[in-house]
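Following this line, the structures themselves.
Heads up, the next two complexes both have chain A, just with different partners, chain B and then chain C.
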Partner chain A sequence: MLNFLTRRLGVMALTMICLTFVVFYLVNLEPNLRKLAISQTEMHASDEHIESWLTKNGYRRPFLERYAAWIGVWQKQPNIDPESGKPVSRFSYCDEPAVPVFAGVIEGDFGCSTKFKTKVADKMLPALRATGLLMFWVMATMVPVALFLGILSGMREGSKLDRVLSVLSIVTTSTPEYVSGVVLTIIFGTWLGWLNGSAASATGDGITFYNFTLPVITPAIYGMGYIARMTRASMAEVMTAQYIRTARLKGLSFYAVIIKHALRNALIAPFTVIMLLFPWLLTGVVIVEVMFRYQGFGLALVEAAGNNDIDLMLACSLVSVVLVLATQLISDVGYAYLNPRIRVQ
Partner chain B sequence: MEFLSTSDIVFRALAQFTPVWLSLFVLLALSLLFKRKLGLYGYVVETGTGFAGVLLLAFWLFTAIFAARIAPFDPLGQISAMKDALPGAIEKISGQPYLFGGDKLARDVFSRMVFGSRIVLIIAPLATLLALSVGIMLGLPAGYFGKRIDSVLSFLANLILAFPIILLFYLLVSPGILETPIPYALAGVFFLFPIILLYTLFWSGYRAHPLQMAIRLLLTSLVGGWLFATFVFDHDPFHILRVSPSTLNIFAAVALASGPGIFRIVRGLTLEIKTREYVQAAQTRGESAWYIMLWEILPNARGPLIVDACLRIGYTTILIGALGYFGLGMPPESPDWGTAIKESSRLLRAFVHPALPPALAMMSFVLGLNLLADALREQSLKD
Partner chain C sequence: MVEPILEISNLSISFFTRAVEIPAVMDFSCKIMPGESMGLVGESGCGKSTVALAILRDLARIGRITDGTIKFNGRDMATLSDEELMRVRGSEIAMVYQEPMASLNPTMKIEQQLTEVLFIHEKVSKQEAYDRALEMMKAVRLPDPERMMRSYPHQLSGGQQQRIVIAMALLANPKLLILDEPTTALDVTVEAGIVELVKDLGNRFGTSMLFISHNLGLILETCDRVTVMYSGEAVESGPIHEVFGAVRHPYTQGLFRSMPLLGKNRNSSPLVPIPGQLPLPHERPQGCNFGPRCSYFTDGVCNRADIAMLPAGTPSHQSRCLRIEAIDWDAAAKGGAANVPTAIGENLLDVHSLKKHYQVAASELFGGREARTVKAVEDVSFTAREAETVAIVGESGCGKSTLAKVLLGLETATGGTALFDATEIQSDPIDKRSTKLISSVQMIFQNPFDTLNPSYSVGSQIVRTLERFGIGSSTEERESMMLELLDLVKLPRAFATRMPRQLSGGQKQRIGVARAFAGRPRMIIADEPMSALDVSVQAAITELLTNLQRQSRTTMLLISHDLSLVRYLSDRVIVMYLGHIVEQGTTDQIFQPPYHPYTEALLAAIPLADTTAKKRKVVLEGEIPSAMSPPPGCPFQTRCHLKAKVAGGLCESVVPPMRVLTDGHAIKCHLPSEVLDAMTPVIS
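Moving on, here comes the complex of A and B:
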């Protein structure tokens, strides 16, 4: 087990380095840097102006050095103003150290957001908390319902109930968030007026049933069918096993067999699926946050990408990559833990 | 402004689709008449889900084909009097109604939905095909040879799979990146895969018939070269097709997003099939590795691959819709469903009619694909 964990962690670290390197390269492409320089200097800046701004603020240092400084394994050099000879910050709204220090993501310094005019960490923490809350509620509604539906249709494979639920699951997996979001908002927001089609008020006033229901059920619907189908397949397989027949033959009632014998084994496979759904939920959350104007991680990512906010974009990428890799690890370890056949090996 | 009554709207909308109904009728009549001779397709049409899936897909396919006939208005044309017009409003000059109303730029929602099907039905299957050829071409050797090549390719696939798709899109389909050679290089590499796949296929399969091989290789070179020049360099020597750089970028991004998934499936299937007797027989005969992979293993992996491809076209449609929804890649006036949903979803409180048609269109098309995939899977489990 320990060996397996160390190897997995090693691959994870390598993956993380590769991915952040690619992201770092892509957000620091020449057109992006020029755009940044133009937005930070006066309009109609000449090429020399742009070039001198980029040089002064350290964007013209060797690429690898900048990447290493961003990670925090290389010292970040202060930016010296050529006129006064004094160290200055890149952007007026963020302080930066005046002496060479290690100040990268390892040290907890994520840089400065040009869009929100604050430190990236100050923007990211509340955004992540808001998104965590959203994700929690999505999972809390989606998983129990999906498992219930999957078990219901898997315990009597081929029955009428099974077929109805199967078609229902196919319909929900065919409805991406931006479709169900629109349809649900029209029905419950515009026509019935029961729910709010915007979650903008959730940030300031806190979440309520009125403003938070639509953002929660929109991604939940899309994922529900998928988990339900996985659970159904797993349940149907377990129901054909010998020990289920034995349990039935020794005189246990059908529902006692389901609850005491089938459920535990049928829920191993869905567990991995649910863990692997987190990265996919991330995309859904971005769509939902944009659609309902909910101030979370997704909206920050979209704003960062749309406004060429390099440091915020890097931080968002890092967070999402860490989330994906962590859920993969938990899914593997959890699977090995839950499934005795694998644990023995 | 004059309006049609609700029943008139329904009736006129159904009437607009006349060519589609006729084609559907012919298709379904032929399918049911000859279902015993149609192999897998015949069996799938017989099941309830399969029939529904084929019906939905054929509906959108014929709509895309006859779009110019069905749509009464130009999908990009703006008639300013019709701004935000309610469904059934009659346009004065032509006397034709805006069946599903007008959007905020005074364009006909009905015509836009009809023309949007063209964009979706062209890009989604083609991009999936591209990803499929990449996945097959890399998954087969990874599964068959194993060892170093497998570890490297699997690591790369996992690397891309660890990238949240939305982030990948924002990095790859942003306007800034079109100024760099990255999308062209990426697309250039991807579009090489189908050509290489066909080359290897014919090269390994027609060893005994040099003439046949020469003809096929020549055809591959001509058609492949033409398509490659058209897609990657937007330089069609015959001036038939035009592929804008942003469309190419969508292809590259979608192929990059779904390629690793297909790779994993092909690799898994290869690992399982390569232990079978007929593969060992071919090895004993001294067949080349690529012959075994492409002519022994691949045909026997087709069942799960077809089901997966079907699901994946649906998923690709959703991805392209998401691209449109975020305003990435597609031109802002494009009638594709994702862009249309984005445009209209901002004003839901005031007007709901521009949002519903593209949303339901997107849903029904993906539903058709998923139903068909489900029927195909059931059928392949029976065998």
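Moving on, here comes the complex of A and C:
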């Protein structure tokens, strides 16, 4: 098991390096850098002006060196102001070291956000916490309800209940968030006034049922149908298995058969799906956060991309990659745990 | 008077599909007394499993009992409430069925699955449940029961799984045990072990049994009484020795005549298949259901009205036939004329020290790197001559199919040579073989369903085969050859346009035979060609193969675990164990002493359907070892019952050489000649 884990972690690290390298290259393309320099100097700056700004702030150092420094395995050189000869920070709102140091992702230094005018870490942490909270609530409503509905419709395949639930899940999965979000907001926010169509207040005042329900149920409904259908298929198949008959003929009641014998076997497949849903949820969250103005990771990502905020973009993509890879690992380990047939010796 | 445990009277069961009502069981009656075991035989689809499930009230949602009653212990099962039904299930009636792996929950440890039965039905402490489960594991003779209790089902072999299912069924000490084909998925030797066990447990615990099987031999070995089913009805029933000794229904007689009983061989006493097919449940004929297939059918008598069970000889023996008195039951079968044995030709295939090893990664998923070697075929030498049938027998995993794959070019050999018509073929994969070679070495597969493309008509598939082999110059010519091939395998020419799904299992196997014979092969390899088919269909295919082979002088390698079939069909036999040939010789030499200890055990495992034959018991311990870690010395030493008769621990250290005993008869064993000479026949 340990062996397996280390091997998987190794592969993960390698994947991460490759992916971040590509992203680092893309966000550091010449047009992006020029835009950055222009926004940081005065308007109508001359080409020389831009060039000297870029040189001064280390953007003209060799690409590999910059990438290594960003990761934190190479020393970051201080930026020397050619006029005064003294080290200065790139941006006025972030302090940067005056001597060469290791200050990359590994050391916890993600750079400086030009959009939010603060250190990336200071922006990202609260944003991630906010998104984590949102995702937690989405999962917490979506998974139990979806599994429950899936089990319910799969345990008596073809029953009336099954047919009603199947139609329902097809309708919800085929409605994207930007449609269901709008529809729900109009119904519950505008007409009925029960819920708040904006979650902006959640950042300052904390989450309430009033401001948080819509952002939670919009992606939850979308994913729910998907998981429920998965679970239903898996459950229906398990119910026809020979060992379910064995259990029944042992004298167990219908519900005892479901709980003791069918559930675990039926959950193996949906479990994998749920774990793989995390990355998908992340994209859903971007839409929802923007739609409901919720100050989380998704909104930060959108703002970063919209405002050419290089360091923040890098940090966002790193977080996404880590999340995707980590959920895959958890999914594999969990699958092996649930299914003894592939358990690692 | 003793009350019967189970009394089924005039039971009828139908399945209600959207289109039609399928009457699966009609007017079925049977009675089981305490401690008695009842056998239920019949072809696939005749309603055996439906009866079994109806007893436990576990029919599919569309199935319903339309008439009759099932009384268990005097109570009508239909009147039980759900709670009462749950109490009866598992504690009073338990069931074991065909696929042991599928009957066990894959994600639950054996211990939980066993003790659960006790927790459901009795108030027991954890410790007591564990102890009783362990005791039952010992009663079903499982080695190392403590370890097995902690295992998951997939960590055990098929035979062990079936023993656990039986242990589970017996744990709550039921009054009635229903076994639905409990050994069909298992090897002969494993089957023999399970049958022994079931018999022994029946005696020990006084459990009544309903034993469902299509194998008459198994029924004779295990049961006191038998009921023969045909097309949803009981057609004959009575004490086992009366029914098997004096058959009184033409269907039962047909079953016996279509089975290769051990005394028979293809030349002196050919099989007589039952003509026609089982009618579909909703297309049964008027009067006697068996009428259209019965050679004693009399118009105006047999097809007038429904027939009731009538006494046949003794009061306990009944038969559903109106002409019991009129038929001469001892007359020999018509059409079973003897054949002249074919002359055997020159050597065609010469295999010398053939070896096939596979490299496998220990665990694909988790990337275990250390590759291991599976020694599927270790040391195999034999010859096969023109027009000869050579049978290869042995338990699953002994390397039979790997050998066939090497000869067909689906695998290449690791070592040794295989000469076909004096050219080496062992290292030519199929895509490097000439069309001529491919068409000369053909295969008939176990499962006719897998080998036909479901989206093309069978005729066009045969034409394609001809085209591939470059036979015939134009499409018209091939078409007409295809029709001749259909004649050859005795299928109506109209079948050329049918799709594979429109054919029955036996018909598909005929198409398989036609395709194999399309290229005028010189050698046919038949891998378990009958094991997916019903008894009466098996007989027809067997006869077809025999006749074709006789006409075309084709060499046949018959891979089979059915020793009765092997005895019937083959000229010479090769016995394989763990990649080695342990014995070879002519069929007579193999079936008579002296035997290799493994052959002796195989013979003792054959279920005999002959009331007059006697069988010596040979107990085979344990299971076939993994081909990844074969034991040192003799491959059979871990299970050999005669090892003690070899001095000096030779069996554990030295691989025995192939010893020629008499002309053409050789065994791989260290046993001294005195011991071999003193062997008595297993079957007498």
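Simple rule for what comes next: the second predicted complex is superposed on the first by the 343 of 345 C-alpha atoms of A that agree within 3 Å, B and C clash if a C-alpha of one lies under 4 Å from a C-alpha of the other, contacts with A are read in each partner's own complex, and residues count from 1 in each chain.
By our rule, a contact is a pair of C-beta atoms (placed from the backbone, for glycine too) under 8 Å apart; a residue touches a chain by one contact, two chains touch by 3 or more.
The structure presented is a predicted model; accordingly, all values stated were derived computationally and were not measured.
Engineer: Could you say whether A:32 touches chain B, chain C, both of them, or neither, answering first, second, both or neither?
Structural biologist: first
Engineer: By the touch definition at the top of the document, which applies to A:77: first (chain B), second (chain C), both, or neither?
Structural biologist: Neither partner.
Engineer: Check whether A:7 is in contact with chain B, with chain C, with both or with neither, and answer first, second, both or neither.
Structural biologist: A:7: touches chain C, not chain B.
Engineer: A:141 contacts which: chain B (first), chain C (second), both, neither?
Structural biologist: It touches nothing on chain B or chain C.
Engineer: On chain A, which partner touches more residues: chain B or chain C?
Structural biologist: Looking at chain A, the partner in contact with more of its residues is B.
Engineer: Now for A:338: first (chain B), second (chain C), both, or neither, which partner does it touch?
Structural biologist: Second partner only, chain C.
Engineer: Touching A:173, do we find chain B (first), chain C (second), both, or neither?
Structural biologist: first
Engineer: Pick one for A:41: touches chain B only (first), chain C only (second), both, or neither.
Structural biologist: neither
Engineer: For chain C, which residues count as touching chain A in their complex?
Structural biologist: Touching chain A from chain C are residues 56, 58, 82, 86-91, 94-95, 97, 99, 102-108, 116-117, 120-121, 152, 154, 165, 168, 363, 365-367.
Engineer: Contact residues on chain B for chain A in the complex?
Structural biologist: Within the complex, chain B touches chain A at residues 49, 155, 158-159, 162-167, 170-172, 174, 176-177, 179-180, 182, 314, 318, 321-322, 325-326, 338, 341-342, 344-345, 348-349, 352, 355-356, 359-360, 362-363, 366-367, 369-371, 374.
Engineer: Any idea which chain A residues touch chain B in the complex?
Structural biologist: 11, 14-15, 18-19, 23, 26-27, 29-32, 35, 166-167, 170-171, 173-176, 178-179, 181-183, 185-186, 189-191, 197, 279, 282-283, 286-287, 290-291, 298, 301-302, 305, 308, 313, 316-317, 320-321, 323-325, 328
Engineer: Could you please specify the touching residues of chain A with respect to chain C in the complex?
Structural biologist: Residues 4, 7, 241-243, 245-253, 260-261, 264-265, 268, 338-342, 344-345.
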